[in-house]
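Down below are the structures I want you to see.
Next come two complexes, and both contain subunit A; in the first it sits with subunit B, in the second with subunit C.
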Partner chain A sequence: MNQGSADKTRVDRTARKTVGDFTHPDPRITCRNVSVHYGDKCAVRNVDLDIGRNEVIALIGPSGCGKSSFLRCLNRMNDTIEGCRVSGEFRMDGNDLYDPDMDVVLLRAQVGIVFQKPNPFPKSIFDNVAYGPRIHGLAQTRAGVEEIVETSLKRAGLWEEVKDYLNDPGTSLSGGQQQRLCVARAIAVNPEVVLMDEPCSALDPIATARIEELIDELSELYSIVIVTHSMQQAARVSERTAYFHLGDLIEVGATDEVFTKPQHKLTEDYITGRFG
Partner chain B sequence: MSTPALALAVALLTILGYWIGRRRSFAVVANDTSKLHSRPTYHGFYVAIWCGIPAAFVFFFWVLFEGYLITDLVVAGLPESVVGGLSADRMNLVVNDILNLASGNIVATESDPMLRAAADHYIQLQSMSRVALVVLVLSLAVAGMGLSLRAVQPHNRVRNRVERVVQIFLIGSSTIAVFATIGIVLSVLFEAIRFFEAVPLSEFLFGLQWSPQMAIREDQVGSSGAFGAIPLFAGTLLISFIAMLVAVPVGLMSAIYLGEYASRKVRALVKPLLEVLAGIPTVVYGFFAALTVAPFIRDNGSLLGLDVSSESALAAGLVMGIMIIPFVSSLSDDVINAVPQAMRDGSEALGATRSETIKKVVIPAALPGIVGGILLAVSRAIGETMIVVMAAGLAANLTANPLEAVTTVTVQIVTLLVGDQEFDSPKTLAAFALGLMLFIVTLVLNVIALHVVRRYREQYE
Partner chain C sequence: MNNRGGADMPVDTTQIIKRTLARRYRREARFRRMGLFAVVLGLAFLSLLLFSIVSKGYTAFWQTFVLMDVHLDAGVIDPEGTLDQEVMFAADYGGMIKASLRDTFPEVTQRREKRDLYRLVSSGAGFYLREEVLQNPDAIGKTIQIWVPADDDVDMLMKGHFDRDKPEEDRRIKDQQIAWVDRLVDQNRIELRFNTTFFTAGDSREPELAGIWAAVCGSFFTLVITLLLAFTMGVATAVYLEEFTPKNRWTDLIEVNINNLAAVPSIVYGLLGLAVFINFFGLPRSVPLVGGLVLALMTLPTIIIASRAALKSVPPSIRDAALGVGASKTEMVFHHVLPQAMPGMLTGTIIGMAQALGESAPLLMIGMVAFIADAPGGFTDPSTVLPVQIYLWADSPERAFVERTSAAIMILLAFLFSMNGLAVLLRKRFERRW
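On to the complex of A and B.
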């Protein structure tokens, strides 16, 4: 695209059609024409987006723009919210996620989620991580469960800190440790996609850096969709970035391009801090 | 001035004090209230407190002790020839006669001039006391108002003092429950001690025979009384156990349905309906048990070839169980609702089903509250009286067979204290010993359950 005089080529603020290429050459999940309503209120409007295999995609945008609502559609966590309606097409490896025959339990085992606020169960650290493998019968023996717990905690970078305290309650950990425990819990069931809903918003910079390292390591194995309010974080961890505004997907593109050469006026205003 | 009129006068003075204090606070700063440390309302309350509380205190204690004091004065004024050598009981009768004469009631010894004089003395003292009371209370109220009005100054920290008084009142209110408990325990305890003077503690605690009939006269045929409480406690526990067998599963499962599965509409309809069960008077449950459930069980039992007595522990226990369902369900439902949604989301996000989430996350997190609800229900079951009086029977059988009639501690307390009694016979005093035991049992249950809850709860943030 011609990048001559910036302001003239930029898409006008009023345009609501997605700018940039929302497809991915090797898609894991494809979403077409997605809308989410809470009662009469429309939270996400006609969004098309692909989630690629082993990519990290960041969803950014001001509060209330629909990025979390969109994220929660991907493993149907919106089902539990009363009055929430989801329309559009979601396909993971060709299977319709919202097919009435779709087993939500299996879907959630494949698409894990880490929430904004760490929510470890009021159980021991060990039981927190072993929870998923146990309900899915991933290990038949105690030793098998122990192995899964150890691998997951190691991958979440928490093993060294808690290996001697596995029977302490998960709630006794610090905030950053709790969030990593939640990550360990999510990856213990061997998901293929990990959704992260502002995973660092309650954490200090050191714990945040730790989580970001973790995202880097995990991206070798999983597709990761991360919702974040921190543009630096999106720039650091993601390969692609999608900018949402008031329920519309405004712009999608390679992260460095979105941050250096945003094509839509709204995107530019947001990342240059003209509004939040 | 009569007592209610005086009380009204003090109340009016208090309100007047509030109003004057408030007005005065505006006046001292020429309506610029920003110069006041405390808001005008606080000045008003301050004056009202000083006006009302000391006067009310004196008023209350004066009325409380006036009667005793005057009686003592009158008795002291009686001539030695009358009082000398009278026993306490006889003395009481004389005092009663005087009081009756004073209040104009007709008494047998109307003609006795000595008593007439004493009654006149009494009336005279009483009217003096009344005048003194009115003067004292009203002058206290006015003096309090006057003194506290001088405290209406811009820099006086009146708000802090008013709040201190409010705090003292709150502390006082919260201690009333404690003192009431202590009072109840002591009154039961003293009577129980008198019982244990007549019947050894070991016989009461470990005796297997309960038959409290005592011979009233020496020559009467009949029992000497047996006070073994074991059959009563066994009966209580049997019925409570049956009741809990009904109430805990039904209550808990309905709480889970209401808290986790029911839509908002169903919940809004079903929860109040369940709580209606708690509002039914126990007497109504009682005749439901005695007239409907017990015959039903007996008839069906005889069809099966079982020998069911018409008053059975089973009938009483079943109905009692229905009665305490709302205790279990309502409290459990509240604590299940209090478990944060984030816990459920976390579990379901890992691919747990709704029921796995409930079993492994929600129930463990809600357990302390659930145990609390169950405990309350157990205390209710043990202390429940009306249903068992009507449906369980009076025969103190020591049995574990729920089809037989048993009796409970509460039923026996009722039968011991209903009708004419003499309060120096072990038969009557046994009721207090039973009450004390019942109290101790519930207390111990509470302590144990509290301990269990603290030990095993899974604490969420």
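On to the complex of A and C.
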């Protein structure tokens, strides 16, 4: 206890400028000067960050630091939250995400999301995965839909477990299976970026390991932004890591550097477990 | 186990908790007993109500019939032998019934006595005879045996509702008539038979000819209109308000108004129906169409409130999931939220429909209280509804309408139960799909 408070006095709380290089040589999404407010409360303040092509970037930080809020900006899921205001500039391949002409439906088909709590539709496993392709008209025939469902479930590592129970309700699966089902549902529409909001927080280590393997495989095709509370997980799966603290982006860098040689005091305190 | 607090906490916490436990359990037991008492009391009142209705009403499902030998006089029914339906329809069948009665009791000669004799059978007995003749024209010229309904006073006598020991002037049936009935009983010419008339006929001034069918039809047509309008509009309103409108002062105002409308006395809706639908739009009175419109207005707030509650209870994670794979807002609502909310919406709808089924006050205002003997054939035929029919019968002086009132209440309850059963089935179906 005493040691912690002594450390905190050493932290320079005014230094909230982002340490490290927030740009990426081959960016998929560029975010500049991003702020998110819920009513009067500021959740994210003036964040600049690039999401690279085919990279896995981990967003870490203590609870309430704004990393989920930032993540949800990337496919405008924040639009649905009452009283939420987003400012700043988001560009994906040069297109402004928050342009009034931007089609949100199209955006969300391109930028898929996996939520913290597994939330399969209360429908069959098959329909869960087939829903996205069906509404977007990705397959014209039943056979086409079946093929998408099969490949998506295979890529999510769930096919072998559920191939004989495709008509069972998705909610009857275990937590880890449900989360992989949600991943399969997200990748079934063939997104270009996948956002993951603490996808393993409700899972046991085995299920977590499967999801992490999956992230590795998916990173060959997609850009992945993952929010996580587990620093080991961030270290295992990501190429770059961004550390958020109370709404500020404190430090960005290659994952091994952030974890081995954190430059900012706050980052160091967090990853060494002094607070968070 | 003890003294974790050391010197400054000398009392064992376990002891403290144990001391409070007895009191806490007592409180729980008391609450349980109160709950049980409330349930038992409720059930007692319910069974009392059902018992009183059934015990009063079950006799209405039987009706006293008299067996008569009727000579079908060809000269009266079909004088020209053409078998023309119209001629046969217009013949004096009542006269033949009377002639038959005179033959059965040849000692009756005086005018007044004859009149009392004729009162043994229903004034509608002729219609039964006509029906028989029109179906079997071959019988014309012969003497046939036919069961015709007895008069309601005879019916009451047979069912034991009249006290024979009372002085003659205090009862509706005379000593002489009782003697005749007893003679018919001795001859096995009188018996209680199942009362099909009650289920197939419309209202009548004569209890033995009155039936519930017209009111059932009226209620059915009215409720069809109510259901179609109130359910579609209610669900659409709820979905729009809950899912699509921004939350602001106007939607708050609308919400407050809807909640207030749910509490408006139903007769006010009747006045509105009278002023708007009948006087302004010129729709006919006493018809299921207007009744259904009025009841739809009355039920709408109930359905909207229940539907909004059902929509609110759909977990936001489902909405996020749908939006997350790129569903538009409308797709999200219709593919995921609405099916999830449907069981709750159906529950609300059924409550509203049950309310509408039992409602009579607003229908009185739009003229559905009129005496209507024929079953309506559509939405624009004059008709009455079950609760109004019950009210009308309860208001009638004849003793025989007492049991028919209770019987009609049973029919109303059966109608209600079957509606509820249907809703439960539907709800199960919707729930099983997930």
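The rule is simple: the second predicted complex is superposed on the first by the 262 of 276 C-alpha atoms of A that agree within 3 Å, B and C clash if a C-alpha of one lies under 4 Å from a C-alpha of the other, contacts with A are read in each partner's own complex, and residues count from 1 in each chain.
By our rule, contacts are C-beta pairs under 8 Å (C-beta built on N, C-alpha and C of every residue); 3 or more make two chains touch, one makes a residue touch a chain.
Values in this document were obtained by computation on a predicted structure and should not be read as measured data.
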Do subunit B and subunit C fit side by side on subunit A in the superposed arrangement, or is it a clash? clash
Touch test for A:245: subunit B only (first), subunit C only (second), both, or neither? neither
So, does A:185 touch the first partner subunit B, the second partner subunit C, both, or neither? both
Should A:80 be classified as contacting the first partner (subunit B), the second (subunit C), both, or neither? both
State whether A:117 touches subunit B only (first), subunit C only (second), both chains, or neither. both
According to the stated criteria, A:155 is in contact with first (subunit B), second (subunit C), both, or neither; which is it? neither
State the stretch of subunit B that overlaps subunit C in the combined model; pick it from 21-29, 57-65, 147-155 or 345-353. 345-353
From the superposed pair, tell me which subunit A residues show up as contacts to subunit B and also as contacts to subunit C. 75, 77, 80, 82, 105-109, 112-113, 115, 117, 119-123, 131-132, 135-136, 169, 171, 182, 185-186, 189
Subunit C-touching residues of subunit A, taken from the complex the two chains share: 75, 77, 80, 82, 105-109, 112-115, 117, 119-123, 131-132, 135-136, 169, 171, 182, 185-186, 188-189
Can you list the subunit B residues touching subunit A in their complex? 264, 340, 342-353, 356, 360-361, 364-365, 458-461
Show me the residue ranges of subunit C that touch subunit A in the complex, using the header's touch definition. 247, 315, 317-328, 331, 335-336, 340, 434
Complex contact set, residues of subunit A against subunit B: 75, 77, 80, 82, 105-109, 112-113, 115, 117, 119-123, 131-132, 135-136, 169, 171, 182, 185-186, 189
